Structures are given as C-alpha cells and as structure tokens.
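Each of the next two complexes has chain A plus one other chain: chain B in the first, chain C in the second.
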Partner chain A sequence: MPQVKIIAKNFMDMVASLTAIKLDKLYNNVFICEAILRSLPPLAKKYVLQLLYTDVPVPATMLEEWVLADGVSKHRAAIDRMIQLRIFMETTDRKKGTSYSLNPTFQKNLQKHIISGGVLPREPMNSNNAIKLPSLQELETYALQQWECFLLQLINSGQGEKLTGISSSMMKIFQRGLLSQRDRDGPRLTESGFQFLLMDTNAQLWYIIREYISNAEERDVDPAELISFLLELSFHVTGEAYNLNTLTEVQRNTLKDLADLGLVKLQQGRKDSWFIPTKLATNLSVSLADSSIRKEGYVMMETNFRMYAYSTSKLQCEILRLFARIEYQLPNLIACAITKESLYNAFDNGITSDQIITFLQQNSHPRCADRVPSIPENVTDQIRLWESDLKRIEMTQAHFYDEFPSKDVFEAACDFAREWRGLLWEDSKRMRLVVKSEVHNKMREFLHTQSK
Partner chain B sequence: MVNAIKGVFISCDIPMAQFIVNMNSSMPSSQKFIIHVLDGTHLFVQPHVEQMIRSTISEFRDQNSYEKPT
Partner chain C sequence: MASVASKLYSDDVSLLVLLLDTNPFFWSTTSIKFSQFLSHVLAFLNAVLGLNQLNQVVVIATGYSSCDYIYDSSLTPNGNFESSGSGMPALFGSLLEKLEDFAAKDEELSKEEEHEDRIASSLLSGSLSMALCYIQRVFRSGHLHPQPRILCLQGSPDGPEQYVAVMNSIFSAQRLMVPIDSCYIGTQNSAFLQQASYITGGVHHTPKQLDGLFQYLTTIFATDLHSRGFVQLPKPVGVDFRASCFCHKKTIDMGYICSVCLSIFCEHHKKCSTCGSVFGQSKLDDVSSVSNKKRKAPDT
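Coming up: the complex of A and B.
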C-alpha cells in the first residue's frame, strides 16, 4: 500500500518557511520573538541570550570554543536552526572567517521584552464587571465539544447537517486534502483523511491551522499577520476574558473562525463582547513533543480481540468504526471487536497497522495504560500478521539478463546495477542477473561500451 | 552478446512461489506466464500477468478464511 503520511509540522517549521521579508516583519512583534526563543533547542537559547547585548559580529570559531567535543553535532544543529529562522545572520570575511550576529530587529525587540516584561496589547477584563466567566472545566468541555463537532462535520459533510457556523468555503478548504469527491456515493475520506482521524488532537490542530494559514493569502489576509496574531493568542491566559474592541477587523474575523474550531469562546454582554481563549489556543506555540492536552484514554483492549470504549462521543464511535466492528452501544460504553474483515476494510482504506496500534496505545484507558504493554501482545501481533498477509508478494517491473560472454562482464554489470540501486537478483554460477526496469537503458549502454 | 528479457520480478515466500508455479502449470500452454524460476523465493514472469496473479491470490486467501454462516 502506498505510504502517505500527513506530517503535522509544528508552528516553528512553518514560520521558518516564510520569506525573509515576511520573517523580518514578523520579528517586529515582541511575542513572536519570545515564542521563537521558547521553541529553540537549549544550546541555541544559550547562544541567543549570550549574544543578546553584543553588537559586533562574533567569529564562528569563538562560538565553537564554547562547546565540548561531544557537543559538536548539537552545536551545528542549533546554528542551522537559527540561520533557518533568520535569527543568526552569517557574514563571511576573508580575514576573520565566518562570524555570526543576531538579527537586529529580533535583538532589539528581545531586549525590550526582557526589560519591560512583555505586556499584552490587551488587559483581561475585571471580574466585577458583571461577566460570568465559565470555569476552566466548562471551558475545556466547550473546547472539546466544538472541536469534535468540527471534526464530525469535516468527515460527515455528505450528510448535510450544518452543525457549526464555519462557512462552507472554509470547510471545503479543510476537506481538500482529506476528502475526495466521488460522484456516486458522495464525498469519501481519502487515505490521508483516515490517517488524520487517527492522529492525536494536537497534531490534528496543527494540520488544520496550517491549512488555514496557507489559505490566508487567497482570502486577502496576510499570513504573517495571522501567524503573529495566533502566537499572541497563545500568550493569553486561559480562562480570562479579553475585550473584542482591542482587535483589528482582520483579527476579529479570524477570531470568529477560531471560535468555531473551539480555540476561543465568544461571549456577549450588554455593551461589550469579549473572547476567552481555551487550552487549545494557549497550546499553539508549544511544540508537538510536550503536549499538555492529554485526553483521558478511553479504550480497553482485551486478549479476545474485544474492545470496550468508555465514551459517548459520536466522533470516537466513527473513528472506531474505521477499523473495528461495533457490536453495540450502551449509555456510557461502546463495545466493539477487532476482526479480520474490519481490519481488511481499514487496510483497503489506506490505514496501516502501525497507525491503528499507535492509536490504541495512545488512547488506552488509564487502567489499561498502567499495564506493560498496554495493548495485549497477541492483538498487536495479529494485527501486524493480518497486514503482512496482504503483502505476501512483491512485484517489480524488471529485465532479466543472461548469456554473459565472460565472468568479468558479469561482475562489472552486477557492480553497475548495484551502484544505480537497481540490482534485484543475481546468480553468479550461471551468470544471470535481474535488474529494475528503470535502470535498463543505462545498463544497455553500459553493456555496449563493455563489449567494445 | 548479453540477452535481455523484459518482465516482472516476483519476490515472495516459498509457499506462495509454489502456488504461483502450480497456477502456471494448470494454465493452457499458450497462457503459461513463468519465464524463469530463479530460486525458491523468486520468479520472473511475463509483464501482463501482475493483476491476474494478485486476484488469484486474494481468491485463494478468501477461500482460506472462515466466515460464520449467518
């Protein structure tokens, strides 16, 4: 099966891929500088802070002196990362060699930030202003609910139920990579769509935000502005209300879309309206590695291939339906079984056994998760065996060579094929060779030159 | 002069290889598709039989799966 992977790169990779001009504009925002500083590897952080108040370029050799012998690879990685983000500017001088200096905008803003402490452009509104702030728990339920609603609509748009307020053009954008239009049966999930569903929430969030930002240009919204607003949002305090009148028009429109996704909650009072960022929003600048949204696992896997999911969510039911047969649904429980047919279904749709197993492991119930391993070995082994049963034969277009005039020609041909990584099989006793078809033309020319 | 034949290279396990050889011998002479049996786990066959081999194997697999009679 072709391996198609959705790589949910984190924010910083996206920022790094912006053009130089946009990146410089981005660094004018103090919060972006802080967010980028947070995302750097530890060695890079040290370098930035050390060079923060140095105005002259520092020679590369001096930087290398700071590192012990076994840290050289980390040093190189840190420097490359910083050059990629245009924090470090490299200047080459014939006499002094390469030297590095901090990006001046970045440097100035970070200095300001350290001294002044970073004040958000808006203050949380006072709580004695007759605002009924939802508790953190309520906020989290709200966020999860919105997110699930959104995902359900994403995959079930064929059923035509309009649950959220996201415009249909926006939904089409999100669905572009995940659904395929089939005229007969209505839209169907593609391979990447299935993989998307099995990813964890943070990864899914990144993918959606990335799509949203890449589409910003089509809607006449400057992506740099969008990124800076999103990063600013991640510095707000979860659960505090912020007035809407402190935002620009563009930011307000963005906020409406974000509310549908569950990143903020919009509320209206008599005079003002305000927004409350949820945990999903404040986690935006955090890298994928340390995700603090760890939903409670809900799946218990038994050795008899039965699965019990303590959940009432429709979305989770749909996800389980992808690879298991749902037997029955109780008020707080979904009972399913993993069968050969249900797995074959999943494999047909492009899901791999590794994805299913990772999904099960990540979502296993806390009681199950304590066990080592969290999913019984016989289940994981069987899933892998069933997958490999579908892949028993490997077929490659190839050419078969024999009747070599001499051993030397044969050996030369073998080496040639190995160089071009086209050698599939060889038999030195009878001097026969099988080579991939892509390499055939080159092989033919090579053999012509050999026979001369 | 070196001889080159175009075809499809099949790499599988021994039982599967035997299955394909058997399939080949049960075919009428004009439709035999194996050009060379390279060794226990590799075969070289004619180019157009890929799909036919795959469908025969999945039929064989289905015959071997038990489905509870409803």
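Coming up: the complex of A and C.
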C-alpha cells in the first residue's frame, strides 16, 4: 500500500515545532491566541475555557475526573497537544503529582479577548470612500480563479496562459515534492503531486502555505513573524479594504505573494493602496475538516462507468484526466469514462482507489450527493477490485536458512521463528526455512547458542 | 437520518440558541443584578463564538408577555472582533440596544394586558417555539449546517398555563434531535426545564452561586455535542414530571386523563373539552366504579 506522503494538517503542527521563546512571543498577540484556541481538539478547547479563570495549577488527577472512561484516549491527546503548544505548563510535585496550569500570557490575552473582544491593528476603509469595492461574489470568483490559475501553472510548470506574478524560484519551491524533474521528458507529477491535486482547496492551500513558511528563512523572513501575520490576516473581514500603509515592509512583500495565490485582492486607490482579504484568507484559521468554502460538486457518476462533469474549468478537466478517459468536451460538460486502463494509469502514478473514491464523493453533483451512496456501489467496488488486482504479490524482506546439522536443531529453529512471528516458509524434508529479516538477528543468536 | 448526518460539519461546530429570561418581575427579586448576569452571559457568548470560526449564536429574549430575537451572529460575520472603541465589541452594542428596545416594548405589552393574578412567569413557550423555528430554517437551508442546541437561561417560575405549548415544543425538539440545555437560576424548581432537558437529552443544572455563573456556563453548557460523549456532565438528580391540568392550568400530582386524547383534568367532567368524547357516569368520590375512566398519577 503506497503511503500517503502529503499530510496537509493545519499548520498548528508547524507552530508547535517553533522554539519555546518564539511561541511565547507569538502568544503576545491576542489573535494568535484565538487562532490557536480554535485549532485545538474539542476537548482541549473545553479545558482551556474551564481553566480560563483558574490561577492555581490543577492536578492531573482532577482533570482526568472530568472525562468518562470512553474519552481517556481523547483526553490524553488533548493534553499532549496543549503541552506541545505550550498552552499548558506542566509542573511535577513529588507529593501532589503532576499538575497543569495555563500559559499566563495566553490566559491573560484570552480573558481580555472574551470580555472585550480584540482590536485589529488596522481599521477597514470607511464605506463612504470613493473607491468601489468588489462584491463578495466577485471576490470569491476572483479568489478561485487566481487559485486555479496558480494550480495550472504549478502542474504545467510554466505553460499556463495567464501567468501569475509568482517568481519562478518561488514556484520551484512549491513544485518541490510535487513534480519530479527528469532529464529528457521534462517535469512529471510525482505520486504526492497527484494526491495533492485530489485534495480539496483548503488542504491544498495549507500545503502551499506550509511550503511558503518553511522556506521563509531563505528569504530572510522570520517564520514566526510570517505565521503571526497569516493568522492575523484570517481575522480580517472578508470584502473590507484595509490600508497597505499599516503593514511593515515584510508584510507588504508577503501580501504580494498572497495576492497571487488569491488570498487577498490588491486595489489601487487615488492616494493609498488597499488590500481586500478573500474567503481563502479568512478561512486560514479554520480547522481543515470544516472548510466552509467547499464548492458545489459537479461530477455525476453512472453505473455504466461513465462520468459527466459539469465544469468549464481547465483544471478540473486535468484532474479528471488523472484517472479517467476524457471522451469529449462540450462548453459546460466533460464526458468521460472510467476504464481499467485509465485506472491502471492512475495507480501507476501512485493514486490509491480510496483517494479516487473520496474525490468522486466529495465532488459529486448535488443531485447525486443526495442519493445514498452517492457513487454507484458497483463502480466503487470495481475500482477497489482493479486496485487489488495489482497487489497480488506482497514483498517481504527475508533470509533463507539451510544446511541444518540435525532435525532437532531445525525444529527448534522453526519453533523459535514461529514464536517471534517471523516464519514465512519451511520445508522439513530438506530442512530449509525462510524467516523475516526483522527476526534474522535474533535467529542468528539463537542458532549460535544451539550450536554450542 | 443518513442524509442529515452528511450535512453536518464533521467536528464540533455548534449553533447555540440562547433563551434569555428578561422578566422584570423575576429580576427585581434576585441577589444578582441583571447587568452582572448579562456580563457573565456576554462573556460566555464570546467564548462560544471564539471556540470555532463557524460557531453561531442566536439570542432570544424571553419577556413577561412577549419574546423576540435580539442577536444573531450569522448576520454579522466576523463582526465580533471589531471594537467600537469603548472596549465593548460591536456585537454586544447591537445586542444591548435591541434588548433595551425589547424590554420597553415588553413593558408596554404587559401593561395593556389585564393584570390578573397571573404568576410572574416568562413566555417560555413562545421563545422555545421561536428557537425551534430558527433551527428548522437552518436545517432546511444550505447543505452544511452546524449542530444546533438550545440553552434556556431561566429564572422565573413556570407558568402552568403554558404547559401544553411548552410540552409540544419539547416534543418537537425531541423529534428534531435538538437537545435543550437548561440553567435554572431562580429559587424554585422548574418542572418544565427539568422535563425539557430530560426528554431531549440535554443537561439541566441549577447553579448554586450566581456570581460564578460564567464558570458554570463554560464548564457545563459550552460543551459541544461532539464532546458530550467523553465528558462528565451533571446528571439529573430527579425530574419533576408533574403536569398541568387543561381546565384550570393548575399543576397537579394526580388527576383525570381522557382515555381518547390523553388530556389531563383536575376534576371530573362529563365530556372531554379537547376531543369531545363523552365520559361514563362514574363520579369523582365513587372510587369503586372507576372503570372506564382512568385515574392515575401522571408520573407513572
């Protein structure tokens, strides 16, 4: 089973990997505290709220009393996460055992936020100003267009019609891991590249943003600063214009890149320039599972393996081409078929059947999405069958043993291997056996003791 | 219900409909001032909104003789972060304004009403139905919606005359699988709220100290439906199942029930006032001949 290489978790993992000093500095910003709170697992959120006005450390045993027996694993996960993010300070006392308290800066900021709300460092433009702002609808179309354009450029590596302003060096960074550069036949999508295309927009966005941040140091930008700016951005109001003058130099440069991704729209006024956050930006702090920008589906799958996709987008056509045969294209409709060949092609490229099926389910046309199941069962079954056809052989690293001195030694060796669950094959007549590599060292020691 | 489940967000996104008791007759008798109470509640609302970007809060004021929506967070997207300068988030500016208007209107209405010897109860039935209507609208609109729950912050005593309406709301909430949480801050016990939480699977709690209300609210009532499976929450000690009779709207322990439509009466009638079925001739005092009419305590 090919491993899914791209795990687009929200970038709180990245925040968690920052050094302690930087983390503590981040918590000075109210909005980051808020965004971190939102990213926590539900139980952890509850603990934070519950301890918000508690000043003394709370013993771990008391925390455990709050959960039912079923929730212990979730409880552990929540606590670990909070310690990782330095929201919980752990103190161990020999008498009282472990106890936890909230990070004081985090606590103070959150208290302030809950009572009086936060104040953004910049005010939106007055509505009576002369510049005409785009409507929310226009803004969303703009954002998605921009994003699609970026994706096309990403996979076509420079063949897109309308080029975004992203520098080619930056593009190379994004393509790292998604495309493999081969000498002759040009760049090709890698396994993770294909998987990337099948993810939903928010997950893709996170992946790109993560690459962007991890690359920040090469551009002399402090990653912590970048993270804090991105999180702050997610608290701006969609569709309102904010003055560019309120930003620092670094932030302004960042914003230009973000505009190319469709996160913000830049607008030139008479005197000042403005930026307008789009939905893509304000969704940054939402946990991945709940992307509210989930688009309407467009794919209809039929029981005869034919697929109709109501779409005008070139990108979506490219995505379908990953695992289906495009038969013809009408102005608003792509007709294709899922065949054994097209699927084998996809499996060759490292796409799994589960990914294809979830993609189809997530993008199924509203009419089909109402049906249960939304994708005909015979199709999903067949996709899985075709995949398992390719996996009839399982490879295991192993060692081969023969020339045992006696039957007894051979049998003892077999039993030993069986005990360690490493026996793959034995031939007692000719005294030969095959053992998994993991057990090889133990086996060798065992045989040494036997031969003495 | 598969299609309903698929329309939910996967995680802990919740829609909280808060029914706020604004009954002046109650608030004139309490140890805690309404303004103090409100500051706890507002902090709580802010906390709920802070937990998840998609969380939604609706506040319905329950007055003495009317009720109305006073706040809906979906109408002001992201608005809770803008400050109007005075340190008070804009969210609460509009909420307080509406609340003031509401209180004035409610007072006028209650003056118009003939002042009988009515118990100073709030119009709980009205606000419950408004909450359910709102939730129904959320269910029907769009393909993704948050998980709704209702929280009653009630202090006034029950109004037995609302019995039927309240019970009907409770049963429709049960059908919609919307839990009704209740936080009773009055001095008596509220049978309505106990039953509502019991039937719909919500949490009922009576805080002992009102000055720590925020802690109670966040500890118990901020728990989203997803986490309720793993967390210890207060369990009902006992539920007051007493009903009100349909004829005089009195709360009764024992009474007569129409065998056809299950209407409850405190005394014997010749004919059911609800469905019109004619009862047999057995008399109230004549215990021996209670044959075609059932006499029972409603809590069995």
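Please note the rule applied: the second predicted complex is superposed on the first by the 378 of 452 C-alpha atoms of A that agree within 3 Å, B and C clash if a C-alpha of one lies under 4 Å from a C-alpha of the other, contacts with A are read in each partner's own complex, and residues count from 1 in each chain.
Please note the rule applied: contacts are C-beta pairs under 8 Å (C-beta built on N, C-alpha and C of every residue); 3 or more make two chains touch, one makes a residue touch a chain.
Just so you know, these numbers come straight off a predicted model, no measurement behind them.
Between chain B and chain C, the partner in contact with more residues of chain A is C. When both complexes are overlaid on chain A, the residue A:Leu424 reaches chain B alone and has no touch with chain C.
Legend: residue contacts after superposition of the two complexes on their common chain; A:Leu68 is shown touching chain C, with no touch to chain B.
Look at A:Ser116: by the touch rule set out above, it reaches chain C but stays clear of chain B. Within the superposed three-chain model, A:Thr396 lies in touch with chain B and out of touch with chain C [touch as defined at top].
Legend: residue contacts after superposition of the two complexes on their common chain; A:Ala309 is shown touching neither chain B nor chain C. Of the two partner chains, neither chain B nor chain C is touched by A:Ile356.
Judged by the touch definition given at the top, the superposed model places A:Ile375 against neither chain B nor chain C. Across the two superposed structures, the residue set of chain A contacted by chain B and also by chain C is empty. Put simply, chain A touches chain C in their complex at residues 31, 34, 37-38, 42-43, 45-46, 49-50, 52-53, 65-68, 70-71, 74-75, 110, 113-120, 235-238, 282-283, 285-287, 289-290, 292, 294, 366, 369-370, 372.
On the side of chain A, the complex with chain B involves touching residues 340, 389, 392-405, 409, 413, 424-425, 427, 432, 434, 437, 440, 443-444, 447, 451. Taken together, the chain C residues at the contact with chain A in this complex read 2-3, 6, 9-13, 43, 46-47, 50-54, 77-83, 87-91, 143-144, 214-215, 218-219, 222-224, 226-227, 229-232. Interface of chain B with chain A (complex): residues 1-13, 16, 35-36, 38-39, 42, 44, 47, 50, 53-54, 57, 61, 65.
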